[in-house]
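Several structures are given next for inspection.
The same chain A turns up in both complexes below, where it pairs with chain B and then with chain C.
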Partner chain A sequence: MRFKLKKSYVEDLRLFEYRSSLMWYLALLAFLAVFPFFAGTYWVYNFMLAGIYSIVALGLNILTGYTGQISLGHAAFYAIGAYTTGFLTTKLGCTFWLALPLAGMAAALIGLIVGIPALRLTGIYLAIATMGFAFIIDQVILEWKYVTNGTNGLIVDRPTLGPISFNSDQAYYYVILLFVVLFVWITKNFERSPTGRAFIAVRDSEVAAQTMGISLAKVKTTAFAISAFYTGFAGGLFAPLINFIGPDNFSIMESINFIVIIIVGGIGSVHGSIFGAIFMTFLSEIIRLGKDVLPEAMQRMVGFQGAVYGLILMAFILFEPLGLYGRWLKIRFLFEVFPLYRRDTFRKKRKFYRSERSR
Partner chain B sequence: MAYFKITDLTKRFGGVLALEGVDMEVEKGQVYAIIGPNGAGKTTLFNCVSRVYSPDEGAILFKDKDLLKLRPHQIARQGIARTFQNIELFTNATVLDNIFLGRYMYKKSSVLSEAFFTPWVKDQELKARRKVEEIIDFLDLQAYRDERISSLSFGIQKIVELGRALALDPELLLLDEPSSGLNPEESQDLCFWIEDIKEDLGITIMLVEHDMRFVMQVSDAITALDFGRVIAQGHPREVQGDPEVIKAYLGEENGATP
Partner chain C sequence: MFLQQIASGLALGCVYALIALGFVLIYKATEVVNFAQGEFMMLGAFVALSLMTGAKLPFFLTIFLAVMIMGVFGMVLERMVMRRLVGEPIFALVMFTIGLSIFLRSIAGMVWSTDTFKFPTVFGKSFTQIGSVTISSMDILVVSITAALVIILYLFFKFTDIGIAMEATSQNQFASFLMGISVERVFNLIWAISAMVAAVAGILLAPILFIHKDMGFIGLKAFPAAVLGGFGSIPGAIVGGLIIGLSENLAGVFLPAWVKDVFAYIILIAVLMVRPEGIFGIQEKKRV
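After this line comes the complex of A and B, so read on.
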């Protein structure tokens, strides 16, 4: 067990509690920085995808994990971000570096508009409402051909910055890495700020949050807007990654994919978002490769991927509700207290007492 | 004009009259207790004040301001804090974060500045932290600072909730059954704290309580409710001896005294 003697309140505001953890994260960053030099394009591409999913997961976690508002419509924000970037760069000739924040803002604005009616809904009803919103956006993409080219889709090029071209996978990788780090940092900042605490307050007890002077309407719409900003921004990075965006990229399956990412990774944690994103990116690769060894009939089955996702989701909810991050914490704890670890340490305590919540 | 005044407050739930024409006046600096048997409407009264419920008739004036015109989250800004009968803490956060949330309404930082955690935000957080630490010292919560609420005992949770309410820097504090679920020792500590809150911090306190010994010890004035009506009001000794109150607690026949 490590004990740290804290001598000032500033120490509680630091991002890294121990000097050693800072070192480990720097080592990880150094590894990620040199990664494209020795890894093949296949790995680099998948890492980029995992990076984009990480940003989405961080955003969705702000809404679902921290604030406790479920959303099954995040593919729509993702699509708004992707199409905003695509439209601005290809049709209006706007530079990618301006289109990217605008993509986030467009999604945030729509998020704000969606957030207001969502104030009256909770739980499953909110899930259905946000899903309905995703279907609406789906239809808009198909019909608003001036912006989206309908089913023909948009071809989006990789960006350039002055003389530097990010056309190769290796180069674009660094753009994504930069933004992943930036969004992780921003999320950690929210965690230690009053707004982040207000998110958690609204999730844990709405009635108590109100007596603290927290306006539920304001906090929930803020959460929606921030979450949509992250997701829209990620969508903006996604469009040049795959070069071509069409309505198929933003189906309901993608929304479910996002939810699975945060549940598998760990609800309400930054680590969890990233673990989940990496896990799910490589899972779909494993499913794709695994199909080759399966019998002929199963290879041609349509819903195979969805079925595997469903099984994994159920397994996690049943056996590890805290997700991969929870498992990580347990393993780390095992090593910290090595001979003294007991299985019961993490056994769920019985709830003798439950509060009645008047929402 | 009275400091805090409730006039003719009526609240119906369907056919049930939870409160019926309740009048009450609290003076600044008092500890004011509301007693009554189960279902008398004590908590409903608190919920009307903190705007969890909207009463059907009547008025609630705090420093001549009509509370019924405000939205629930605006009550705190008037200087009114409360605790709950069944603890309503933020269960998955630490003690520190819970008390920090009491400082939320004093924040001046925007969402954008918090996203980048500017030095100014950091400064604001450090100031809030000092205030939070004052409360932790006041209530002897040092040992539990970084504990999650879900891992704490009921008694400690009650005290954390009191601390969270105090972090709002209120003028009027509503305590809903503060001593329920506490052991005699903790209950005695609470008595002293209530006295300190009244004397040192100058906060006016209204509390709902079952434990008569506790009420007699701390309160300056009492209102007794039964079936939503005021049955006695005044000095603790008078109310305790009031035949209506004894009847409400002990029943009618024989006129047995406690």
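After this line comes the complex of A and C, so read on.
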């Protein structure tokens, strides 16, 4: 058992709860830093993808996890970021390092524009409206050929910085690692800032938040803008990673994939975003491992991967609504209180009735 | 040309209306938005196709059986899965039904392969000429079946005990529970009815489009219809579906070609900005 005696409020706000956790994170960082030296290209590439998904998941978590707004259209922001980078670097000859923040800004601007009408909408209406928005952006990508080249797509090269070229996977890995660490750090600080707490207050009760002097309009639009910035930035990193972007990369399924990442990882937590991104990136790998166990006839079926994907999503919502991070917390709790753990501590409280109609 | 587009828009609108009706029925009673409604429709079409080409049953018996099978499917789904999710937040429910739709689509791909199928038409290619407008008999069938279904549902909700119980549940679940209505049974039946309506929509859509495992994506286009009519209003779903079907077809004529595909969503966003409660909707106030 481990007890933490807190003597002041500042201790509650520390970035690392224990000194040992700082050590663990530094060890993880050191491991990630030397990772490309011994791992194959395949693993490095997938880690980069997981890194980009982590940034998206962090952004989506700020909107959905912290502020409680559903978005089924985040692939649109991702696309805006990717195409802004692609357009600026290939057609206007702008440097990648300027194009990248601009990609985030462009997405944030659109996010702001989407956020304003979204003020009037809640719950399911917001989900449908953001989905409609994503479909419209999809069509714009197809039609605005001057910027996007339509179905032909854009070929985006990896960036260079002075004499250093990030052309190889190993080199570009460090760019992504840097930004992932940066965004995690920003999010972790944001979560503990007054603005971040205002976001969480809005999620838990809009009316209560308003009575405390929080402006709903401001919080919701900022949440959309910040979330879009993260996603756009990730899109900007994604374009040079796969070298080629076309309309297929940003379909409605990608939006759903982003939400699945945060659900599987754990909604409303930084750890969850990372866990979810890694899990979903390596899902096909995990499925392949599982396939050996199953009969051969099943392995050859076309929709197998999709079926597993759908099942995982449903299973997490049914059995583990707090995601992988929730499971990790439970396991940690078990060890922390070791002899006193009771099985019912985390039992899901069954609810029998919920209504948002007041009639 | 103009009238011709209206005629075919009407038939397409009826299919949207039927899918939207499926959303609305479930949403009204259980406050769940079923994103898998389009996949229910797809399953209905595939079941009908199998019965017709595999078992070689006559057309009307096929329709009847397919609708019944989907009804049982809806019931089982509600009993086994959806009932465990009562009281969960909206976000979880939305994502659950999306997961369900992905799952059903994959399963359909496994069972019926990913090929495109053509539904054998029973009425052949006969056309009726009214003035300058040519209407295929299939379109007439679509419109008349939709109309008949709406009348049946209207009578059901107005005059049968279970229908009135459903209406009561959708107005106030807790109060109707206290009045002795079995809310569980109402939920169960409403999922069955919704799946049956989806099956009808699937069978009607099959000759217009083709049968494919991804045909359920058209269900996403029925959302604008449901929202336009006011989510939770049965006449609203029908009117919304017709408006979306008509305006989409007319947009294809008068506006650049690419607008047609997203016109439904443009309407959707416009409606949500101006009048989020839709045409027939009642503004729902959130409880503190």
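Everything below uses one rule, namely that the second predicted complex is superposed on the first by the 317 of 359 C-alpha atoms of A that agree within 3 Å, B and C clash if a C-alpha of one lies under 4 Å from a C-alpha of the other, contacts with A are read in each partner's own complex, and residues count from 1 in each chain.
Methods note: contacts are C-beta pairs under 8 Å (C-beta built on N, C-alpha and C of every residue); 3 or more make two chains touch, one makes a residue touch a chain.
Worth saying up front: this structure is predicted, and the values here are computed from it rather than measured.
*Asks:* One more residue to check, A:222. First (chain B), second (chain C), both or neither?
*Replies:* A:222 sits against chain B, while chain C stays out of touch.
*Asks:* In the overlay, answer first, second, both or neither for which of chain B and chain C A:204 touches.
*Replies:* first
*Asks:* What's your read, chain B or chain C touching more residues of chain A?
*Replies:* Of chain B and chain C, more residues of chain A lie in contact with C.
*Asks:* Please work out whether A:135 is in contact with chain B alone, chain C alone, both, or neither, and reply first, second, both or neither.
*Replies:* second
*Asks:* When the two structures are overlaid on chain A, which partner does A:121 contact: first (chain B), second (chain C), both, or neither?
*Replies:* After superposing on A, A:121 lies in contact with chain C but is clear of chain B.
*Asks:* For A:195, using the defined touch cut-off, is the partner it touches chain B, chain C, both, or neither? Pick first, second, both or neither.
*Replies:* After superposition on chain A, A:195 lies in contact with chain B alone.
*Asks:* Touching A:28, do we find chain B (first), chain C (second), both, or neither?
*Replies:* So A:28 meets neither chain B nor chain C here.
*Asks:* Once the structures are superposed on A, label A:213 by its partner contacts, choosing first (chain B), second (chain C), both or neither.
*Replies:* A:213: touches chain B, not chain C.
*Asks:* Pick out the shared contact residues on chain A: the ones touching chain B in one complex and chain C in the other.
*Replies:* Shared contact residues on chain A (touching chain B in one complex, chain C in the other): 205, 207, 353, 355-358.
*Asks:* Which residues of chain B touch chain A once you look at their complex with the stated criterion?
*Replies:* Within the complex, chain B contacts chain A at residues 50-52, 71-77, 81-82, 84, 86-93, 96-97, 100-105, 107, 109, 111, 114-117, 121-122, 125-126, 128-130, 133, 150-151, 154, 164-165, 168.
*Asks:* Which residues of chain A touch chain B once you look at their complex with the stated criterion?
*Replies:* 9-10, 12-13, 186, 189-190, 192-198, 200-201, 203-205, 207-216, 222, 226, 268, 349, 353, 355-358
*Asks:* What residues of chain C sit close enough to touch chain A in their complex?
*Replies:* Interface residues on chain C, with respect to chain A: 27, 31, 33, 81, 84-92, 94-96, 98-110, 113-114, 171-174, 177, 213, 220, 223-224, 227, 231, 258, 261-262, 265-266, 268-269, 272-273, 276, 284-288.
*Asks:* With touch defined as at the start, can you tell me which chain A residues reach chain C in the complex?
*Replies:* Those in contact with chain C are residues 64, 68, 70, 72, 117, 120-125, 127-129, 131-133, 135-136, 138-139, 142-143, 205-207, 252, 256, 259-260, 263, 301-307, 309-314, 317-318, 321, 350-359.
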